[in-house]
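Each of the next two complexes has chain A plus one more chain, namely chain B in the first and chain C in the second.
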Partner chain A sequence: MLNSIRPKNRVIFAYLLIPVALFAFTVFVPLLAALFYSFFEWKGGPFRNATPNGIANYKELLQDKVFWKAFGNNMYLVVACIIGQIGIAFVLVMVINSKLVKLKGVHRTFGFFPSTISAVALGFIWTIIYHQKYGLINWFLDKIGVIDGTRNGKVWLNDTAHIMLIVSIPLIWQYIGYYMVIILSAVSAIDTEILESAEIDGATAIQRARYIVLPLVKSTLLVCITLCVAGNMKAFDNIMIMTKGGPGNASMVMALYGYTTSFQYNRLGYGSCISVGIFVCSLAVIGGSQLLMNWLMTDKYDRIEKKLQKKTDKAMKKKMKELQKGGALNG
Partner chain B sequence: MKKKLLSVLLASAMVISLAACGGGDDKDNNNSSNNNNQQVEDNNTPANNDNNGTSDDGNGAAGGEDLAYTGEITFMHYSTSEESEGNGGSDAFRRAIANWDAAHPDITLNQEVLANADFKTQIATYANADSLPDVFMLQGMNAASWADQGLILDLTDAINNSPYATNYNYERMTPFTVGGKYYAFPALTGLTCTVVVYDAQMWADAGYSSFPTTWAEVEAAVDYFEGQGIDTIAFGNGGQWQMNSDFISCLGYQYTGTEWFDHIMAGDGQAAFTDDSFVAALTETQRLFHDTQIFNSDFNAVTNEDAREYFIAGDAAAFIGGNWDFSYIKASVDADKYANLKVAVLPQVADGSYVNNYQNIGMGYGVAINAKVANDPDKLAACIDLAREITGPDFAVYVGENYAEQGFYKASFDMSSFDQVTVDFYNFNYVDNIATEIYDSYVDGSVWGTLNADMQAMCNGEMDPATVAANAQASYEAFLGN
Partner chain C sequence: MAKKMEMTKVENKSLSHKIGNGVLSVVLNVILWIFSLTCIFPLIWMFYSSLKEKREFNADIIGMPKNPNLQNYIDVMTNKDTNLVQAMINSVRTTVLAVALIVIFAFICGYILARINFKLNKPLYVVFLMGMLIPTHSLLVPTFVIFSQLNMDNKWFTLLFPYVTFGLPVSLFLVQGYIRGIPSALEEAAAIDGSSFTRTLFSIILPICRPILVTVAIIQVFGNWNEFTFALVLLKSNGGWATLPLAMRQFSGQFSTNYPQLMAAMLITMAPVVIFYFAFSKQIIKGMVAGAVKG
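And now, the complex of A and B:
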């Protein structure tokens, strides 16, 4: 019966071809084009006027201090956001899930709200919050007497030493709710009986979170971390609005540097090379973080067990070989 | 079997049509925006004609020449209707375009109008794709590269043989001159990029009858204004370009003189950013912004738009910015402050070798024609006619009479109807001071980008002027090398 309404494989394939073709057109074609252009010196104007220059762009990229500074800043964002976004989201989920908290739906909705606002709008909002003279922060510091008048307050967005922290705060704030909703759905899938029996056994809330919830939602956390790493490797919009990569290049990130190089400096060949660099770096960081997470998430006891297993395996093999040798000699 | 074949066909048709959508999207959008713009212009035309008698004279000239071409001309510029509010060049430009369009009913003028920031990216993208519009605004900085690549037409003859040639101000031609040939009709108006706007009453209260002529005197006023709880001069460098366009591109001449930048423009190796004179200019800039309290402490975090609000709100006694800031301030202050509004050149440095009253002025954009148009002589004639008329007397007389500004065509007009603030600014731009070139109308974006980012760090005291100069020079040499 089912088979009669099931379309032929060819039909399914043809329909699937549409999204695949679109995906290829919007992802692979630009990627390959960027790879191709990255071997040219192309300073604006039609591509026919570009001159091939081999791997000169890549040589320059390896020595480009601004690019590596930007890479470092992206890494800073990744670490700050994993701790800030996912860490705080996990804590908030635990709090919301406690019996003491009322109006869970309201918390969930309002928590999620900031991640629906465009990063550009948020960039402007936070620029005003950080504003020296009219900003909320200096106004508050003035009111509680820490500074004498906002004119004498700190110019937050000009603080080179802490600028990355300052631009990460809006980013962290924006996406806490996003990860909160994801983790919340994973946590609500945990059988309440497990938690209740743990409670009866006298486990504290922190112990329950650490030894029961955390291991049970680890695959969801892994997804969150991958999303977080990928999202922060392409950070662009709020930094573009808040600092334009400044002061100097102190808050430059890779995507912003690629954009500036291509569209303001008109160095399209080198800009493409930067894009390829971003792709490779992001792939390495995401891959690396997944390996690390897998290692961290594997239970301590599992690891010891695996090690022991390996040892016994080795010993067994040795024994077998010896036996075989002995057998051969005997034979 | 038929059905299967049909479904495969349909599926592939969908893929193709979707792919086609991807490519065609831009054009569709552009066309619809063109239509919108077209409508706006059409609406404007009659009103403008009614308002101003001179437009008929201009129209007469524009319509006087019979053009054989019938068809479409694509034209891309950045004088949006929003920008034209209060902006003389933009307003007059839109009006001149509308007049030309009305005088040539057989030619469909298809305009693509984008705000300046978007325009720059879009026109560069068109150039990269080798699909520039027939007529477009060319930024001086791109002239050399695009002329070398054969993208823009040599307009030397068209300009020299123009009926308006005797009235042209050839000084404005510099950014569009490549190898002795002209590549664009300089468009809009030439106005300063660096002007000190100040409140004469506030400075009188501080004991100054006019704005100080030296930085030392400005420094002496700092204590007084700090005592009042306000900044002496407001400046905004949050976008990083302001320190270049609105400051060092004017102050620099007090150390380097004008010849230094002539060599930089020419790229003849006789001038370098690492020259002592330019490093001295950077050092003085660092001193003024980092070591003194003349400027608002958040100058590196706010834009010029924010900084001019400090001045308007009375939180600063003066402001440094470009003509665009001046026109905004003029339109925004109340009547009392307007009466006290005055302009001045940058104060003079103590240790410069070429100290003088400089102001950097130029016309950063010109109307250029796509080289491909040359294949169709009739169309070319029409494009040249368009470029000539919208930068000619029809434009110049209107912008002079209504805004007291000058374009490429030197129109004579009566100044008596203007108030003192407007007359002062006219004299500042065209009469009283020594005109110099605007740095970033020339050379290359990569050089200025490097310099601007480093100057921001330098003014925070995080980089020394010699390193800033060395980085800029490295970027400049990389540009020249290619």
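And now, the complex of A and C:
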């Protein structure tokens, strides 16, 4: 933009002051505070009750089985949701994209709907669906004759061994439509001529999906995976409503553990330490997944091509500079 | 003779092809309908179950109500312990204020970051980007501690702080990307005609940015209306400022066995969003997808 019509620094400053101050106050102050409080033993009440205890909290955190179990559960959710949500969504996109399907708009609207509902409401809905006596699942099992009467049905949310699968189903279900719509928008941007010519050449629907559509929507799928990873590292609402991390600690996730430690056991110092732990773990997982995806994104030939590109770019720049210099001298 | 045979063969082939296509189209349509119905069925089930009495629901969870009535809704709305009407007002107030602030701030910051060269432009960009990457749930405990020490918890404005802050980065990047795509000739012309920065910003750029600001608002309305975690930590559930998700939780504690009533309460809390969604589903889906992919 033209520098001559650039406003004075004072004006820019005035415009940016409130948002930036707000941002600093709500993001960076708590972040530093968490780091500070994590070195204290603090059982609630005013801060003068707190006693510094060095790195004892961190030592405890490293050996805290519940925290690492919660971290593992977060990872479980990430993997389950990537496979469940994005996998099913991709299959549904291939189905919905077929010429034989009618009423595409209706499917899109209905499918997207669950993702607009609050996780709290969905937690309650699924608590009822899983209910032993009044739940839809046991009702269905009773009807098809697997169990005899809903009273004999399973208490789903008490099944310690499978609880993570049970709580991840609502999560997966909620966002299938969301990812379906995102992937669909990428797929419909593909030139139909490519698909048609493949069809004429005798490629089956599955081959077309695997060898033409999948590579072309790769970048969108990676965006979906990023969203999935980031979203599941902060899983909280659904699980808080459905199981409160139970039975025992079987479905505990990191954010919920930080919450219960701080507000139910009133251990604010250790809770802050867990917050720092969540921060580090989430960033590590998100960053790691990004690196992994970048690596996957560029396959062998691309990487070689990129290297060559860089070399030629450098050479071009050098030449350009020389030319410019020459031009300046001439001018 | 041979020619005739061939002809029938071709006809047969196209017939079998047609049948195959027909079967395939039935299968594909059925798959999609099953998926769509599972998405929408809980809502329908909740709706007609909420018209039942508790006894009727417990006897038959899936059947249609025999004599549908609105008693559950009346009970829910007049419940003294959990003031759902108050919670609705709180939710509307918080959402409207938060979204308005996000849109204004995102517009101003997005414009400045996109167009104006100053020393702190790059660092500021990085700071906001970090805001997007920071896992917000690691800030729950310290945010509570700081807000309660400063006596800022449990106020009408409490939730605006986290909501505006965490909504800002994504919105800002959407606006910034949009403004980058507009030619700067308009602003230059305005400046030559003697328009001040503020005037250019609000009477020339703002109208151009309307589509992206609507998108930002849509994304943020859903996010803020449904937000639960920060409300849970920063507000008392019976303190008078509780938003709907928080009130719902309080309510379910009381009526955990009366499912039709719980469903009525849930439908009331979901109603504004559901109506909004089905009225503008096309624009909403488009906006949300743009926000997810570009943001």
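The criterion applied here is as follows: the second predicted complex is superposed on the first by the 274 of 331 C-alpha atoms of A that agree within 3 Å, B and C clash if a C-alpha of one lies under 4 Å from a C-alpha of the other, contacts with A are read in each partner's own complex, and residues count from 1 in each chain.
Methods note: a residue touches a chain if its C-beta (ideal position, glycine included) is under 8 Å from a C-beta of that chain, and two chains touch if they have at least 3 such contacts.
Keep in mind that what you see is a predicted model, and the values were worked out from it rather than measured.
Of the two partner chains placed by superposition, A:63 touches none, neither chain B nor chain C.
Once the two complexes are overlaid on the shared chain, A:192 sits clear of chain B and of chain C alike.
In the overlay built on the shared chain, the residue A:245 is in contact with chain B alone; chain C does not reach it.
Applying the stated contact rule after C-alpha superposition, one finds that A:15 touches each of chain B and chain C. Residue by residue along chain A, chain B and chain C are tallied for touches, and C comes out ahead.
Contact with chain C, but none with chain B, is seen for A:33 once the two complexes are overlaid on the shared chain. In the superposition on chain A, A:263 makes contact with both chain B and chain C. In the superposition on chain A, contact is made by A:47 with both chain B and chain C. In the superposition on chain A, contact of A:25 is made with both chain B and chain C. Residues 7, 11, 15, 18, 22, 25-26, 47, 131, 133, 263, 268 of chain A touch chain B in one complex and chain C in the other. Considering their complex, residues 1-7, 9, 11-12, 15-16, 18-20, 22-23, 25-27, 29-31, 33-34, 37, 47, 92, 95-96, 98, 100-102, 105-121, 124-125, 128-129, 131, 133-136, 139, 173, 176-178, 181-182, 185, 220, 223, 227, 230, 233-234, 236-237, 240-241, 254-255, 258-259, 262-263, 268, 271-272, 274-276, 278-279, 282-283, 286 of chain A touch chain C.
Listed in rising order, the residues of chain A touching chain B in the complex are 7-8, 10-11, 14-15, 17-18, 21-22, 25-26, 41, 43-49, 130-133, 149, 151, 155-158, 160, 243-250, 260-261, 263-268. Chain C contributes residues 21, 24-25, 28-29, 31-33, 35-40, 42-43, 45-46, 57-58, 61-62, 105, 108-109, 112, 115-118, 124, 127-128, 130-131, 133-146, 149, 161-162, 164-166, 168, 184, 187-188, 191-192, 197-198, 222, 225-229, 232-233, 244-245, 248-249, 252, 259, 262-263, 266, 269-270, 273-274, 277-278, 281-282, 284-285, 288-289, 292-293 to its touches with chain A in the complex.
Looking at the complex, you find that chain B touches chain A at residues 4, 7-8, 11-12, 14-15, 18-19, 22, 121, 124, 127-130, 142, 145-146, 149, 151, 229, 231, 238-240, 297-298, 300-302, 310, 315, 444-446, 449, 453-454, 456-458, 460, 462-463, 482.
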